[in-house]
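Every chain is named by a letter (A, B, C, D and E) in the order it is written, and numbering of its residues begins at 1.
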Amino acid sequence: MKNNGKDVVLRLEKITKSFGGLMALNGVDLSVEQGQIVGLIGPNGAGKTTLFNVVTSLYKPDKGDVYLAGKKITGKPSHQLCHLGISRTFQLVKTFLSLTAFKNVLIGAIYGHGMRGRQAREEALEALRLVGLADKKEVVTAHMTLSDRRLLEVARALAAKPLITLVDEPMAGLNPSEIINMLKVIKRARNERNVAILWVEHKVDAIFRLCDRVAVLDYGRKIAEGKPEEIAQNKKVIEAYLGKPPP
Amino acid sequence: MMKKTTKIVFLLTCLFFLSSLFFTMQQARAKDKKEILIGTHMPLSGLGAFTGEEQKWAYEQAVADINKAGGIYVKEYGKKLPVRLYEIDDESNPTKAAAAVERLIKRVKVDLILSGQVGAMGVLPGMITAEKYHKYYHGAVIWVPQFLQQHFKYCTMYFMDPGQGAAMVFEVWNSLPEKDHPKRPALFLEDTFDGKTIGNVMESLAPKFGYKFVLRLTMPMGAKDFTSQILKAKGAKVDGIFCMSNVPEAVTLVRQMKENRFSVKAFQGFKGTWPSNFYKSLGKDADYILCDGFWSIDYPYKGAKELGERFYKDFGRYSTNVGMYYAVAQILWQAIEKAGTLDDLKVRQAVLDNKFETVNGPADYDERGIALFPLGDNQWLNGKRRNIYPFDLAKYKIMVIPPWDKR
Amino acid sequence: MLQEPLKRKTHLSIALALVFFFVIYPLLVDAEASYLVFLFYTAFMYVTLSQGWNIAAGYAGQVSLGQHAFFGIGCYVTAITWRAGTAGYLDPLAMLMSGAGAAVVAIVVGLPLLAKLRGDYFALGTLGLGEILRVAALNGGSFTEGAAGISIPSDVYQSIKPYYFIALLISVLTMLSLWFIAHSRIGLALVAIREDETAASANGIPILRYKILAFTLGAFVTGLCGSLNAYFVFHIDTTGAFNLNWVIMPILMVILGGVGTFVGPVLGVFSLIAAFELIRLLTPQLHPIFSGAFIILVTLFLPDGIMSYLTGHKNRLLHKLSPFKWLALNK
Amino acid sequence: MTTFPSASVFFQVLINGVLLGCMYGVAAIGLSLIFGTMRIIFLAQGAVMILAAYCIYWMATLSPINPFFGFLLILPVFLGLGWIMYKGLFQKVAKAGANPSLLLAFGLMVLLEHVMSLIWSPTTRSVITSTSTSSLTLGSINISVTRLIVAAVALMATALVFLFLKKTMLGKAVRAASEDMSAAALLGISPTYVSAVTFAIGIALAGVAGVAACITYPFDPFFGFLFSLKALIAVAFGGLGSVGGPLVGGVMLGVLESMSAYTFSAGWADAVAYAAFLLILILRPEGMLGRRSIEKV
Amino acid sequence: MANHLLEVKGVNIFHGDAQAVWDVSFHVDEQKIVALVGANGAGKSTILNAISSIIRPSGGDILFSGNSTVRLKPEEVVAMGISQVPEGRRIFSCLTVLENLELGAYPANKRPYLKESMKRALSVFPVLESRMGQAAGTLSGGEQQMLAIARALMARPTLLMLDEPSLGLAPIFVSRVFDTIQALNKEGLTILLVEQNVFQAMEIADYAFVLQTGRLKMEGTTEELRGNPEFQHAFLGIMG
């Protein structure tokens, strides 16, 4: 599948998902190309995380399909999706608390990508280096700060050598200097690994700074998609999301 | 990190634990024999606890009585030796019963073992363990086929014959006037080996006495509701019941029979209906119900009456059980004296070779190590068990149960 | 989990010395008359049972309350094949078959349970399994001989030594395989599943497969113990085989020692057995009362287990593993 | 398989199941309350029930007081007992987590059982009341009066717990604390106080269940454990989303048991109950009345 | 001195073996908005929890209107007039909105005023009135934050502590929340605000204390701090 000359890594087709009476996602289309960073923004409860959970098969969509590199993957178990090339991080950080940073990333390398032995260890170290946690590799994650754990999740997701990584609010709870660091890490990840990144974020300025394209969700619908500059000007987005335009 | 001192204290405690185990285990058998150490295990807690209490009492009486007489004369030591009893609670658990016998043999280092209780729950695992270590297990309360299956060389058994027990039930029913014979009897059986064994024997012997059971119902152990069974029996027009269960189940069954207005002409209970608590729990509703008895205070044997009254003095009730346990001990004491030694095989041989007089009548073991005594039957009336069987010893005759609304 | 090489060496030598001690002990004393030999035999059984529970509960976070089902299956498979003459006395093949029987049931039951139920619900489900099997065996007709149970003549019995050594071997093998698993990629996956199933799955760990692996392995060694027990007691019935004791005691021992630790359960087994023995010795009549009191005292003063007391690390696992936290009033 | 010969037999079996289920239900309420706030399985609940039963037994044999007064007497006594138990034993251990609490409850169960068997001997006891074997007759259906009383008690206990949790400030605090202990503390709700209150109520309810059990069944010191297992299943059946869950679960269990005992075999009734329990766990883990919760990721 | 409503004096706090807060002293004056800012893990929430007596400091003292609170239980602190809106809202999602609010007035000395407090809380957040019977879990994120603040107001506090009120909220709600805080302050409520959204916090606060890895780094009025290059470097970074 080509789109503007580049490979489409992830494509969502008319994803619909409701909980009880609440329509969390309503016919959402989205595609991400190789090496692209796509931002996904929207007010609270717009369905961003639900979309992630549908892509990673934590929820089954009511309608619609998910395609990875042109192949339909809807409803395949989470761990298979990881083998096929989708890895992710979590809004509420989910590192394995009793394990060291190194072992956390090792799990990504071994189980996410199927590497073994020395190769897996090297890959894990490399991923830790990429996010700047190489010197903390023997620290048990329970003793790490939130910022380090967020970075660790990114490293773990990258160690699986994915085609696409879904990052879910990697900056929530971080302070500005940590946010800068996270921005650098995400940029570096894309540049060094040529991995596609689908990125849910609340910090709109951060998204605008880095993303190639931005999609906006509101009440389960995609209300806009385009370059950051375009989105920033989009009236619908501003009204639905940012409220009154800033003076 | 914790402090070093606490760690040391902890290690010392562990050391204390272990060393105390070691030391107590190294009591060698003294050359100079001062007493005869008899071990036993009993269900003092758990499902069999209700019989364990009486067994404990009977054994302790037997020991006290023989010691009052100066002990048992053992030729090998040339003197009378007093008897000491070492009891372990096996919690009605077969695994714990086996472990209890291991402990009796290896740690307490008893000379001989007196029977535990309740067949597969205690006696059988106990016997198997004793057999392994070639220790004589003077057993009781186990069914003959179960005993024979194991080809025991170091065990003997003293119990009733299930066939005889079943025959007793039919003979007692037949002693009713012809019109009151239960025409459509049913079996209510607990889901244990006891229930199954006696149920099978009852069914196979029934035609010989002109009976046929129309229903065979299960009473699961610990169940709290038997209405379904009662309704089935009612539907099948059952007019006689044979029930093998524990006390709580028997009590619940009778209560619910009354609640459901279900009357029968004869109700023969085994195991669950003899304890005096059965009557206490039901009051007058327990009247006319038949219960088996391993023994009766009314037996004309030496010491029977005296023993029964002693029990009454201690517990304020009568027992149909203690005589049997007392007899088990009596046989062992006599056998030790006759063997003139505490050697396991020789004592067992003495048990096989001799005839014994007990409070439960004469006991005569066959060459397989089995002695059977006849079962008794009693009928509850006004809080008393009236002995109605064996017919030649019994003072009373069976009465038909009046329907609930005519009582 | 990683220890420094030097420390690991000392640990290894302590372990070897202990095993060596246990191997020669019955040869030094009159094994047949030694109560301690029997006690050690029991302890080895419980070490295996405890680790069998610990691997699924402590490492993978799947708290099973149905280990007595596997123990009972082990007992019955051995007793049935033995009675039928297909297996002999202390037949290694029959023992393996018993373990395999338990493992097969673990897979068959584990598939729906582990796929559908998260941790705490799973605990309750397994409790039901044990009871269902008990009733099935009770109503099993001539195959299980119902309430009567299966009796095998005990006259083949020669000595306690083979039992002692087999139990020792099984427990050492269990410990070894646990050690290797804990230090391999499998152990990594199990811990990840325990810590966070969603994250584990998202990172490519086939969680169902690994949960079943841990559960089945635990069932297998538990079945082995059941088999050995059948050979030891010569009479298998539902009360003995499916006794709740076989699940409660190992859990007590693991909690006492330290959940999810490697050495903890062993310490738990030996200290609980030693304590109960000592209490029996001092008050043969009242021992259940004092044993109950002992458990209460331990939980009051050693709530995180002996291992956390020795190492000073609080055992956070206990909080994670609450088997019944799902019963929250307002979920 | 046996089929029902007539509608009246069917209703008789049904009613018996409901009444039996009320017995399980009353035992389950206390359990679920303690689970709810402290997140522990209180294994000693059965033993506490039997303790109450012995108290009534004593009262009934030593004094002329009607055993039915036991319901009123047991409540304050066991409320106090529960308070002491929590303050003396569980308060410290509860902080350490659920497993030590489970262990503690197990130790307490062993201790209580054997102390009771030491004091009252292990023989079966029972309490005879004025209604012990009387029954009402409706057409061809017989209904045990004692069991009707137990059912009424179960309904009343459920209603009281419901009112307590929904209408009183303390009850709301209990619900809040069971959802988020530390957030509750920030509002001035003392976690230890709330836990102690809940525990005491749980014990008091166990006491009530004990009174209900002892006027219905003969008992011994070891009778309680089986009962707490059944109560546990009742709790899982009903689910804990609602206060009525334990009672509904108990009734479902009771009906299932008596139906399968009649149509199938009493020997399999337990297995059927457990199998249904497994099935419900797999198909509707939140219980029949519980609300499904969506996991937050 | 006299109008220091809250005074934290040389407080040290440990998490197990690790020291999280080192000798921190600061004060909150009556009727002011004071911001406590700092990077994640700086110990801000820890200090709030120490003030609420959820954690006990191992050294130093905390004075409220001149009385020490460190030996008090959490419920006694609430009764004295300190309420905390915890991080992440922590409303009771299975209880109704009404029940959540009622529990806010749980302390015995607050209960008599329940009706009055309810009226006031609803006048601050009229949105909640229509949702009273609804389970709190069904509210949107912004409404939940309002509920959390309203619940804290039910205890009629003299000092309201807010822990990260903007966390996870869309900007439109963030500004609404900050407006409300300002309005409450105008009515006379003293506010201690912990915030990662430094901009917004500095916008409304009178005075700020900056924490870095458990130590107090600097303090000053918001104007002073904005002009301080060191402060800008640490927090405003790219965002400026």
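Of note:
Everything that follows uses one rule, which is that a residue touches a chain if its C-beta (ideal position, glycine included) is under 8 Å from a C-beta of that chain, and two chains touch if they have at least 3 such contacts.
If you're wondering where the values come from, they're calculated on a predicted model, not measured in any experiment.
Listing every chain that touches chain B and chain D alike gives C.
For chain A, the chain with the farthest CA centroid is B. Chain pair with the highest count of contacting C-beta pairs: C-D.
When chain centres are defined as mean Cα coordinates, E lies farthest from chain C. Put simply, the C-alpha centre of chain D and that of chain E have 43 angstrom between them. Put simply, the C-alpha centre of chain B and that of chain E have 73 angstrom between them. For the pair chain A and chain D, the distance between mean C-alpha positions equals 48 Å.
One simple way to say how far apart two chains are is to compare their mean CA positions; for chain C and chain D this gives 31 Å. In chain B, the residues touching two or more other chains are 45, 191. For chain E, the set of residues that touch two or more other chains comprises 92, 94-95.
Residue positions 58, 90 of chain A each touch two or more of the other chains. The part of chain D that touches chain C in the complex is made up of residues 32-33, 35-37, 39-41, 89, 92-93, 96-104, 106-115, 118, 165, 174-175, 178-179, 229, 232-233, 235-236, 240-241, 265, 267-268, 270-271, 274-275, 277-278, 281-282, 285-286, 290-291, 293, 295, 297. Listing the residues of chain E that touch chain A in their complex gives 18, 38-41, 140-142, 167-173, 175, 196, 198, 234-239. Within the complex formed with chain E, the chain A residues making contact are 43-45, 143, 145-147, 172-180, 183, 202, 204-205, 241-243.
Chain contact summary for the complex, chain A toward chain C: residues 56, 58, 77-80, 82-83, 87-88, 90, 94-100, 103, 106-108, 110-114, 116, 142, 156-157, 160. Chain D contributes residues 2, 5, 9, 12-13, 16, 20, 23, 113-114, 117, 121-126, 128, 132-135, 137, 142, 144, 216-223, 226, 254, 257-258, 261-262, 265-267, 269-270 to its touches with chain B in the complex.
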